[in-house]
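Chain lettering (A, B, C and D) follows the sequence in which the chains are written, and residue indices restart at 1 in each chain.
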Amino acid sequence: MKKEMDEKKKVGVFVCHCGRNIAQTVDIEKLMEKVREKYDVELVEDNMYMCSDPGQNLLKESIQAKNLNRVIVAACSRDMHEPTFRSAAQEAGLNPYLVEIANIREQVSWVHDDKEKATEKASKIIGSTIEKVIRDEPLEPLKIPVVQRALVIGGGIAGIQAALDIADAGYEVTLVEKSPTIGGHMAQLAETFPTLDCSQCILTPKMVAVSRHPKINLLTTSEVVSVDGYVGNFKVQIRKNPRYVDVDKCNLCDDCTAVCPVVVHDEYNQSLSPRKAIYIPFPQAVPASYVIDEETCLGIDPLICSKCKDVCLVEAINFDMQPEIIEEEFGAIIVATGYDTYPIENIGEYGYGAHPDIISGLDFERLLSANGPTQGVIRRPSDGKVPKTVVFVHCAGSRDPAKHLPYCSKICCMYSTKHALQYKHLVHDGTAINFYIDVRTAGKDYEEFYKRAAEEEKVIYVRGKVSEIIEDGDQLLVKAVDTLLGEAVEVHADLVVLATGLVPSKGTQEISHLLKLSCDSKGFLKEAHPKLKPVESALSGIFIAGTASGPKDIPETVSQASGAAAKAATILASEFLEREPQIAQVDPTTCGLCHTCINVCPYGAIYLDEGVGRITVREALCEGCGSCAAACPSGSIELKNSTSEGIRARIKALLQG
Amino acid sequence: MNQELNPNIVTIEPVTRLEGLAKITVLLNDEGNVKDAFYQVVELRGFERFVQGRPIEEVLRITPRICGVCPIPHHLAPAIAADRIYGVDPPKTAKLLREMMALGHIVHSHILHFYAFALPDFALGEKKEPGTHNIIGLAKTFPDVAKAAIKARGDAQKIQAMIGAKATHPVTVIPGGISKGVTKEDTEKMLEMSNNIVEFGKLGLKVFEDLVVKNKDQMALINSDAYKMDTYYMSIVGPKNTLDFYNSQTVRVIDSKGKEFAKFESDKYLDYIDEHVEPWSYLKFPYLKQIGWKGLVDGPNSGVFRVNALARLNVVDKIETPLAQEAMENMYDVLGGKPAHHTLGFNWARLVEILYCGEKMVELAQDPDFYGPKFREQLSKDMITGEGVGAIEAPRGTLYHHYKTDKEGKVTKANIIVATTNNNAAICLSVKKAAQEMIKKGQYNDDGLNKIEMAFRAYDPCLACATHAMVGQMPLKVEIYDSKKNKIRELTRKL
Amino acid sequence: MEVIVMNKLKVAVALGATCAGCDVAILDLNEKILDVIEIVDFVFWPTAMDFKLDDLKALKDGEVDVGLYHGAIGTEEDEEIAKILRKKSKIVVAFGACANFGGIPSLTNMPYESKMFDVVYKESPSTSNPEGTLPQKETEIEGTKLTLPGIRKRADSLNSVIDVDYYVPGCPPMVPLIEQVVDVLRVFVEKGTLPPKGAVIAGQDTLCKECGRTKPETISYKEFVSPQEVKEIDPDLCLLSQGILCLGPATRSGCGALCTKMNVGCRGCLGPTDKVDDHGLKMISALTSLLEVEHEEEYTEEDFDKLLEKIPDPLGTFYRFTYGVSMISKLHPDKEE
Amino acid sequence: MSTSKQEQESGIKNPNPKIVLFLCRWCSGKGADLAGTSRLNYPPNVLPIMVNCTSRIDPRFIVEAFLDGADGVLVTGCHFGDCHYKTGNYKAYRRLSLVAKLLKQVGVNPKRFRLTWISATEATKFVKVTTEMVEDLKKLPPYWSDENGGNSDE
């Protein structure tokens, strides 16, 4: 049942000369005559420059004088001045959505030379626009309430930086980290290239800042289990797993580890050294507290040992802690779930990681670290001897589409060079040999760092891929080809470090399903636009920072974190999100709940509201593309101010006369 | 009221109480006696053309619209053709369900014809005012018979709907079987309804006994030469020449003496049947190829043959079910042995067939495989042989569906010879004979014209089927032309 | 139930290019037909009663209360009968898919290589027609002219030749719809009120709501599978989501989902909703939108072309019953190649 | 508008074809505007209508355009992967390709309907496509003209 068009449509048409741009091939007088004669319009006026103040005043005065309720400006492309004319009309008291632009410049005067035909075409375009404007209804921009709180998933350097920036901007942040401490992989590094800053020295102040920031609610040993809702109104469920140690009471006296009978591999030290079932990941861990590893502890429920509880003077240990589901609402989400390294166990040519003296880059970082298993003295894991010859293999399992990762992970050349340089510092008479395909030094001062390692520290760079590493007595025979000299090369090394690339972390894969974020072919999260929207995801209100979207170094990660934080803050900045009102609406009388629209909507903006049994459009998510209206087999969905009947009328008007 | 006119042309238009559109034009000579009669079918819709290019499984859902009174045969015959195109033999459960549908359909169609179309002529005596000689009129004079008929036909339709989703224009039969089986409860309901149909079958024969067989004039009419024709008879027969409405594809033809003239598998039909075209009717005239088209004449050397109920009973040697076999023997005793040529005998044969169907349906519903789990084979495109013929005994006689498809299973050519078409020549002859009887020296009355229609109605012609090719017109129109060849009256009857 | 009827409704049932399935549908009211006779007098129903065209012509204009017309307009005489029915009836109801949309007979309007007469009377393998005789509108036999009605260029819907008051779609209209018609007649008899002109007596929304099969989270299929080639048809899950072609989403409800209950896809015999002017185009838009919608970003144009190639006979499948009134059938072929 | 002498020789059957041109607001619309700002030239026979996305185009619009007197319909949108609404053009391609098949099946000359992608920078391609289509349709008679069997059905 058509709404009766009660109020008479009083249309004002304003034709712009645009100096000579339009007037040169469109006969303005004839055009105005044609429009007056062919179409039911209240008035037709013209002006040299409609976008100028006199032009806009003409518009405003005419609206008030003739109380026009529809306006058409026949001028340039709507991208140019639609906002100009809409706000002018608004000042004159007319709803801005009742103003339409007829493009007779880019689409007519600039591209045609036959004056008569150009004028005729301009008249048809105006006629078609009239059909649209008389069907337009007054609209208000949609106002979507925003929960002014952000969620950051992942407690590595990216998550830490993002959380701090948002909190500093004055908004509450919940930072969720799956492991017992924040810090991520950066906490495992000894020093960082190219400045050789001690990684802990530059990271721990930010970690402490997180723990002390009043606006940041830190949830470690926690993971996000479900995310519903949409930008401004994400309903999130977080499961906080029990630590079995009360963070506030524990004073890090370390008495408990002495009595704990369980000894297991220490993941923080890349399993190169042991830890107990009750442990602190590393001294500067945040939150500063011990934690009981439920899997390796002899038994909490039923309680088997409880030796640690007996010696804990401050009674910080509590076996009755249960997993807890926390439900919170957020206006924006930042995903910073980090990376994992490509496992050396996958690389058969280099011994599947079986030999103790063939280790990964992160293993070597731990050997270099003062709080590492060898207190910073480089010792071979097999016999603890200081290695005299160390081979660093660049692109281990990278740039190898046939068997391993096809892509380059950007940072391995730099951290291998750093490893060689640090090794030479510590073992002056040692020999460091780096096998590489290309040494990629694309960051600030990276090339100088590489020159320093090669020329000052005399690290030997051999251009060639290592074909095989086999045990030879108590040493390792490294076979390769020096492609510059064109000869085979064999080196007897005491230790081999494989510089493996970066792959999406397990957390990244899980969160992509949870948030329905699409991934690229390598499994990293896909940005909304690789060049222009690097920190936005395809879903509005959800942002991405750091290595979750691909391999990158720490400076790039931190800048992305701040970028994502800024984007999130813009959403949280206002109580309401304003959105274009031309969205879809569903007529339940003819809708047969066939789910076509739900599956067609690229934004998941349409859902079946079980309560009322009706298909409903989420105002916050609908972008007004209209795909659902074209697909709806019962014709029940229409776009506001862009109905199918309206478009039909516009086509018909173009073809008339 | 007699018509004191000396028209030379009598046209009955539309022929009523039948399915489809036709008209009879009767030419009188100077003395006012019938020189010739033309039964013109005025329908042509073009199914053979507009199924071209359609996938065979979709064609199965288009061809039922050839006829709304007998859609089931036009769903099953192409399905049999499709099975052969895929070279597949459907599982037993599917065959049982398909047969049940076919039998239920025969019951519905025969009841509809006998009680709505034919019985009023017998039961309500001389045709007085129009508008009474029909189901409504019957319901007034024989309420209990009418109610029982409506109940039995309703049951038959319900059974078909349980298996085919819809009784009119079923959809579930697909190449290789059927889209969904039935439950045990449904089967029990069908059993109960089938038993009811058997009882109704007996009642039907008893009614016919009282109203017709015991009525001298009616029997005289049936036995009168006007309603006899000496033709060949064709029907599908089961393995031991038994009555069979689904399982067999063997066609048997007997001559007017009852001797077997031909026996062939359905896919050889082109060697035995040809169709002749007349400019004054959209319906073609099939005839036996070996004998040839000798025009609208009966007798042994005319290729004209008859199908439909009486033809079937003439052709089969035996009916497997006891009650129906006994009813058939009783019929032939009265009609003077096999084969019987009495056109109005078709009505009696239909009642025998209703009884047979009822008994066979009871048998099917008691078969444990009836509601079995495996009701279709999974087919694939590489099984497609590209050609298949499916034949079936529709209520109105033998029906042939012949399809050629491409590798994808899309129909490239279709040829459909429909039951009523087979009877076209015979109908023309019967109408002419009846007209010669009923119109003497230009004298005829409403009852006379209805007697002509009875000759036509006995064949229960389904013209929508017959001319599945074209759009029709009012059922049967009567046009009267005088000897000077100008049309005096288009309709002889006044309200 | 006792119905006090002041005067019985005079009802006429006329037919055009029909299969008479609609007549059977009325008779399928079974016992209820006796109630119908209480409030209705059939003054014209050739299939079931002995009325001739002249009986209809003899009635006074407007004497018939309700004229039902089933079958498409296929010959000139169908058109003539429709016009007579219109003149004689206060209310005309288009009954069944043929009268409503042109139905299956309007499939003949589609373009085919061969002409209808050639297919039926020349190319049919079982026809021996050496002289190539074809049916003629007029034939001279011994001085008398035998006439046949001419075949129209198109088989059309009832409302293409006369003004229609109400529409009862369906092929044939299902018992629940006919019962609705009987109710409308009863209310008309008792209270004299009628639904708004042009109303379609069936559901106003589409079949999916009535079908009751569950809709999975995502409906995305690679190609349509013909029912005989699919391994197994889930009796509870939406057929379309199993890749079985079903026009339910674009077709009115009101039939009780008879076909989908039996694992068979709907072919749209109740036609589209009021808002849709071309049933086929709407269904095509919905179906192609869901074709591989889950992985569409991995497809190139050529991949999509291959997928679309596999959609079987779109014209014949998406316009099974509504080609007569479809927009696309109003386009004409270009003369030149 | 009868065809003048020399136009007939050069095979012009329709000097002034009417072509409905669908532009999408983000890519092809901007490409068309760029053709304007770059002062390129193309025949005025294309009559533009702007929609948010090619996925807004309901197949009925194409047929309705012909029924309203168009000689041709040209739909332009974003290349795969560029769509502002992510996957609008994928759906548009599938829908309108099947419509093209139907138009061909009912005998409409395939030259009268075209679907092509034009990015915001491809002004030259836009001009080439529109000019080509106008030239093609000039060689065909006006769609509804009697000469083309337009109003031939009685």
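FYI, a residue touches a chain if its C-beta (ideal position, glycine included) is under 8 Å from a C-beta of that chain, and two chains touch if they have at least 3 such contacts.
Everything numeric in this text was worked out from a predicted model, so none of it was measured.
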TODO: If every step must land on a chain the current one touches, say how few steps get you from subunit C to subunit D.
DONE: 1
Task: Centre-most chain [mean C-alpha coordinates] - done: C
Open item on the list: Applying the document's contact definition, name the chain pair with more C-beta pairs in contact, A-D or A-C.
Closed with: A-D
Task: Chain centre separation in whole Å, for subunit D relative to subunit B (CA means) - done: 55
Open item on the list: I'd like the Å distance between the centres of subunit A and subunit D, where a centre is the mean of that chain's Cα atoms.
Closed with: 39
TODO: Indicate the whole-number Å distance between the mean C-alpha point of subunit A and the mean C-alpha point of subunit B.
DONE: 73
Open item on the list: Roughly how far is subunit A from subunit C, centre to centre by C-alpha average, rounded to an integer in Å?
Closed with: 54
Open item on the list: Where in subunit A do residues touch two or more of the other chains?
Closed with: 600, 627, 630-631
Task: Numbers and ranges of subunit D residues touching at least 2 other chains - done: 58-60, 64, 86-87, 91, 95
Task: Sites on subunit C at which at least two other chains make contact - done: 110, 282, 285, 289, 293, 297
- [ ] Can you identify all of the chain pairs that touch?
- [x] A-C, A-D, B-C, C-D
Open item on the list: List the residues on subunit D that touch subunit C in their complex, please.
Closed with: 58-60, 63-64, 66-67, 80-81, 86-87, 90-91, 93-95, 97-99, 101-103, 105-109, 112, 140-141, 143, 147-150, 152-154
Task: In the complex, subunit C residues that touch subunit B - done: 15-25, 27-28, 30-31, 33-34, 37, 42-43, 46-55, 58, 71-75, 77-78, 81, 103-105, 107-108, 110, 112, 114, 116, 119-121, 123-129, 133-136, 139, 141-146, 148-149, 151-152, 155, 171-172, 174, 226-231, 233, 235, 258-259, 261-264, 267, 312-313, 316-317, 320
- [ ] State the interface residues of subunit D toward subunit A in the complex, per the touch definition above.
- [x] 18, 20, 30, 32-33, 35-37, 39-44, 47-53, 55-61, 64-65, 68-70, 84-88, 91, 95, 127
Task: Footprint of subunit A on subunit C - complex, ascending - done: 204-210, 215, 218-220, 238, 248-250, 253, 272-276, 282-283, 285-286, 289-290, 293, 297
Open item on the list: Can you tell me which positions in subunit B touch subunit C when the two form their complex?
Closed with: 8-9, 13-14, 16-21, 25, 27, 35-36, 38, 40, 42-46, 48-50, 52-55, 57-58, 61-62, 65-69, 71, 86, 112, 116, 130-131, 133-136, 139, 147, 150-151, 153-154, 157, 161, 164-169, 171-172, 174-177, 179-180, 269-270, 273-282, 284, 286, 293, 376-381, 400, 402, 408-410, 413, 415, 417, 450, 462, 464, 469-475, 477-478, 481, 485, 490-491, 493-495
